[in-house]
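Dropping the structures in below, format is structure tokens.
In the two complexes below, chain A is the common chain; its partner is chain B in one and chain C in the other.
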Partner chain A sequence: METNTFEPKIVGFLCRWCTYQGADLAGTSRMEYPPNLIPVRVMCSGRVDPSFVMQAYSEGADAVVIFGCHLGDCHYQEGNYKAMRRYHLLKKMIEELGIEPQRLQLEWVSASEGERYQKEVSRIFSEVRELGPLDLNNGKAQSNG
Partner chain B sequence: MINITLNGKKLSVEEGMTILQVAQQERIDIPTLCYHPLLEPYAACRMCVVEVKGDSKSELKTSCNTKVQEGMVIETDSERTLNARRLNIELLMARAPAAKVIQEMAAQMGIEKTPFPIENPEAKCILCGMCVRVCEDVVGAHVLTFEERGFERKVTTAFNMPSEKCIECGACAYFCPTEAIRVEDFRGREVLHSELTLGPTTAIRIPFMQSTPNVPFIDKDNCIHFKTDKCKLCEMVCEPEAINHDVEDTFKEIEVGSAVLATGYELLDCSNMPQYGYGRLDNVITSLEFEHLCHASGPTGGKILLKDGREPKGVAILHCIGSRDENYMKYCSRVCCMYAMKMAHLVHEKVDAEVYEFYIDIRAFGKGYEEFYNRMQKEGTHFIRGKAAEVTNAALIPEEENKLIVRAEDTTVNMIRRIPVDLVILCPAIVARKDSEKIMKLFGLCSTPDGFFKEQHPKLGPVSTDADGIFLAGACQGPKDIPDTVAQGAGAAGAVMSLGDEVAIEPIFSAIDEEICVGCKICIGVCPYDAISYVEDKKISSIEETLCKGCGACVAACPSGAADQNCFTNSQIEAEVSGALF
Partner chain C sequence: MDKPKVAFYWCASCGGCEEAVVDLNEDILKVVEAVDIVFWPVALDFKKKDVEAMPDGSIAVSFINGAIRLSEQEYMVNLLRKKSGLVVAFGSCAHLGGIPGLSNFYDAKLSLERAYRLSPSTDNPDNIFPSEETKINGSTLELPKFYDTVKTLDQVIDVDYYLPGCSVPADLIMNAVTAILEGKLPPKGTVLAPDKILCDTCKRNETKPEKMEVNEIKRPYEVMLDPEKCFLEQGVICLGPVTRSGCGERCIEANMPCRGCFGPTSKIRDQGAKLVSSLASIFNTNDEKEIQEIVDTIADPAGTFYRFSLPDSLLRRRRLEV
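After this line comes the complex of A and B, so read on.
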């Protein structure tokens, strides 16, 4: 059996209060996970402008993940709810554009959940590796366009 | 005021006092059986008789219920009085031959036997009515009454049946002078200390010696008043009239600028670990219960006793119960090794017992701690390196009969050991309080993986938190001993003081470019802090920097690109995304 060696590029938007610290904890705890997800620190998951997500796809990301605090735990009370609403709209939109919905994900990881961060990143990595590279100019994306 | 003569002494006393009260005030001894200062006098036992001399005749009067009158001349130990009391005690001896107080009183009067016929040699009740009165007038449970008359008269319950109305307060037994009534536990219940289940307690009490404020509180669940609407004896005896049963809890809102959380910890519930027998085997207690037992204000006055009142000959202290354990808490609770050794020292000091410490390894990290460990070894404490696996009462050899046996692998000699002891003290893991989630939500905090409150930074921000103006002190942030708690508390107080009148805010706030803003007001709707207002004359939205917390929600929502966030500008984030994908 041929092994999949595809190395996806994944952009992760990490809330500074929860997931960013969770990722830090995973790091200081020397947990191992694929290095394919590159974190972009934001003050809150609610700060993630949909245009950042679209920009990431257009510049070659195979997937985008928004990480926020668990519902009810947002440092700014409700920023993660805003992120969640945008996420559902964005998901519809990328489907229209022919991008598989799994290429956009939303995850809640708290500052104490280093292990969860490790697990989620590993899971997302395998899923995207399975999907293969995102090709906006060929395949589905083009046939829709 | 009223003028009287008492045993030849002229006195001027308050009107309304009884002769007995005056005599007691004058420290003149009058025997009583059915009198209690908190009950209405009943004059049933007639032991308190005194001679009251008038102009022409003199009479015997029961002093407990006879009020003083102008010109009274009273003799409390005249021949006539003493004879009356002797006759009286002889009658009581015949009625209640088994009552100890009666025998003692009689002996004091030089009487050994009663000339009257004894009907029931077991009888103790003298029909003084203390129990009936206390149940009726004080407790208000209306359970006890008198039945029949004359010789057949007796104290009983309605229809002579166990009464539903009895609230099991035991007041009747407490007041009964002859021990004719005892509280018998026919349901096999135990009298437990409400706090740590180690001994009996009262419904009004000071919770513990160091409590602040150091005043008693009323335990509504056990107070008689809240069951029958009566009693209030405490109110009667409290001279400053400080007791009020009618106050309700009130909630006060206090506005503050910052807060220090010092909500502490809990101990892991050992009853979920059946192998140690806590809650199942007698004399298996937690370290906190031992502290309570050892304390001078504890249930035994500080004596180290077993449940049956004996002193233990062997004591085992089990370290790391639920700490450093994959199945419970992975972390070390830090304080147990040291307090366990302190407990060994206390046991040595107070009783003649062998002490065994079962440990994984001794963590004596603080100032003077290692020295204390060495001292304990010299003092004769047996240190067994091996975590206790089980506590059982199943004896295998005669020496283990009626003992608690601690089974552990002694890793210094590589063998399983069984050590029979009388008392087992468990040192449970220090864990985050059950309500800590609620507190975290309330103050906008997060926890570390162990469940304790998360500090802002383990090295650079050990007392502050992610929430502005909220600081941490003590074991709520993680297990720690008193010196560390005090140090962190002082640090937190210092941090609060140094806030001063000016509050520094992060430079990360958002701003709206006047030139670009079209005044759509979308940002105003998304701001959770009401930091954005609409400027009517300019027809644009504007952010008040000091109110803005810098979440960036408005920036993400602004359709015209007028809003942007300091330090996290759109172009910065876009550049980061590009960089990530480069």
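After this line comes the complex of A and C, so read on.
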């Protein structure tokens, strides 16, 4: 059987109050997880403009994950709710643009959940590896295309 | 002294931008007095070879409308670029891709299929499709190549200025022409229109409630639109929050929401993505299931939010099947 060796590029937007620290905890606790996620620290999941997600895809990300605080725990009261509303609308929009819904994910991971971070990153990694490359540049770069 | 030479050209467009030039009414006489029109296929009988024979840089300014979808258009705009001092992308299609840019949801094959076979008004029993070369009676006829992807003008050639709009309002054209003639031009790359969003100049902004909330998105035909109230407040998608002002609010005056033909302001990189952000902020619920229900009432987010700007967006097109 052929093994899948595709190494996806995943961009993660991590809320600095929860998941960023959760990821830190996973690291200091020496938990192992795939190194394919590029973390971008943001002040709140509500700070993630949908344009950031689109830019990540256009610059070669195979998937984008937005990590925020559990609902009700937002440092700014409801930034994560705003992220959730945008996420569902954006997801519908990217599907029309031919991008599989699994390439955009939203996860809640608190500062104490290092293990959850490890588990979610591993799960997302396997899902995206299964999907294969997004390969948008094929459409964009072709000069006569 | 010779009058400055001006060229007009059209690519993938509807002809509305040519109409916009004629819409200058008496003002067009002032323009004609001040400049020499050396190329304008829709109105004057000059040929490609006439342009090819001109010295490089001899045209002061070329106004090019329409998106780029054919190899012929690509050749012509490159030719005009070489012959012109300034190139102005004229109208939504040249600026952002415009309505022809919506075919970036498909590829060349699907677009031709639709036009030459599937559309209900097509009668094509012999399945004749346009092809680049057709042999007929021993000779070969050639057609330009039809590309998969529609492009904005600045994705093909260097563009100096942009005149937005579908079509460009007369006052913006006159301002631009005057600025060019007087040599009072802003920095290269400027869109020659105000850099404010439409809501800033929209009359309905005054009656907008402090907190806007909707629990359903409706299409304009599904609702009797109030002529005073903000469209978003009425649950109808309006691209005002992400669209440049300067159009004179022609649609709003006619009680129709903004569809975004002026494109984004300089602060917005991706018009559709920004509208996702803006629209989601007025959903009146924090419940995941209810959010999904509101999203389900939006028929075609990508086509609506990128109605005029898909080729100009960060992704430029629907992903091509590999």
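Here, the second predicted complex is superposed on the first by the 136 of 145 C-alpha atoms of A that agree within 3 Å, B and C clash if a C-alpha of one lies under 4 Å from a C-alpha of the other, contacts with A are read in each partner's own complex, and residues count from 1 in each chain.
Heads up, the rule we're going with is that a residue touches a chain if its C-beta (ideal position, glycine included) is under 8 Å from a C-beta of that chain, and two chains touch if they have at least 3 such contacts.
Owing to the predicted nature of the structure, the values given are computational and were not obtained by experimental measurement.
Q: With the two complexes superposed on chain A, say which partner A:G60 touches: chain B (first), chain C (second), both, or neither.
A: Once the two structures are laid over each other on A, A:G60 reaches chain B alone.
Q: Quick one: is A:C18 in contact with chain B, with chain C, with both, or with neither? Answer first, second, both or neither.
A: Touch status of A:C18: first partner only.
Q: If we overlay the two complexes on their shared chain A, which of chain B and chain C does A:E113 touch? Say first, second, both or neither.
A: So A:E113 only meets chain B here.
Q: State whether A:V40 touches chain B only (first), chain C only (second), both chains, or neither.
A: Touch partner of A:V40: chain B, not chain C.
Q: Would you mind listing the overlap between the chain B footprint and the chain C footprint on chain A?
A: In chain A, residues 49-50, 55, 78, 82, 86 are touched by chain B and also by chain C.
Q: Give every residue of chain C touching chain A within the complex, in rising order.
A: Contacts found on chain C: 71, 105, 145, 147-149, 268-270, 272-274, 276-277, 279-281, 283, 286, 288, 291-292, 295, 298, 300-303, 305, 313-322.
Q: Can you list the chain A residues touching chain B in their complex?
A: For this pair, the touching residues of chain A are 9, 11, 17-18, 21, 25, 38, 40, 42-44, 46-50, 52, 55-56, 59-61, 69, 72-73, 75-79, 82, 86, 110-115.
Q: Enumerate the contact residues on chain B facing chain A in the complex.
A: Residues of chain B touching chain A: 441, 444, 446-449, 454, 466-467, 508, 526, 528-529, 549-553, 555-557, 565, 568, 570, 573-574, 576-578, 580-581.
Q: Per the contact definition, I'd like the list of chain A residues that touch chain C in the complex.
A: My answer: residues 49-51, 53-55, 57-58, 71, 78, 81-82, 84-86, 88-90, 92-93, 96-99, 134-136, 138-140, 142, 144-145.
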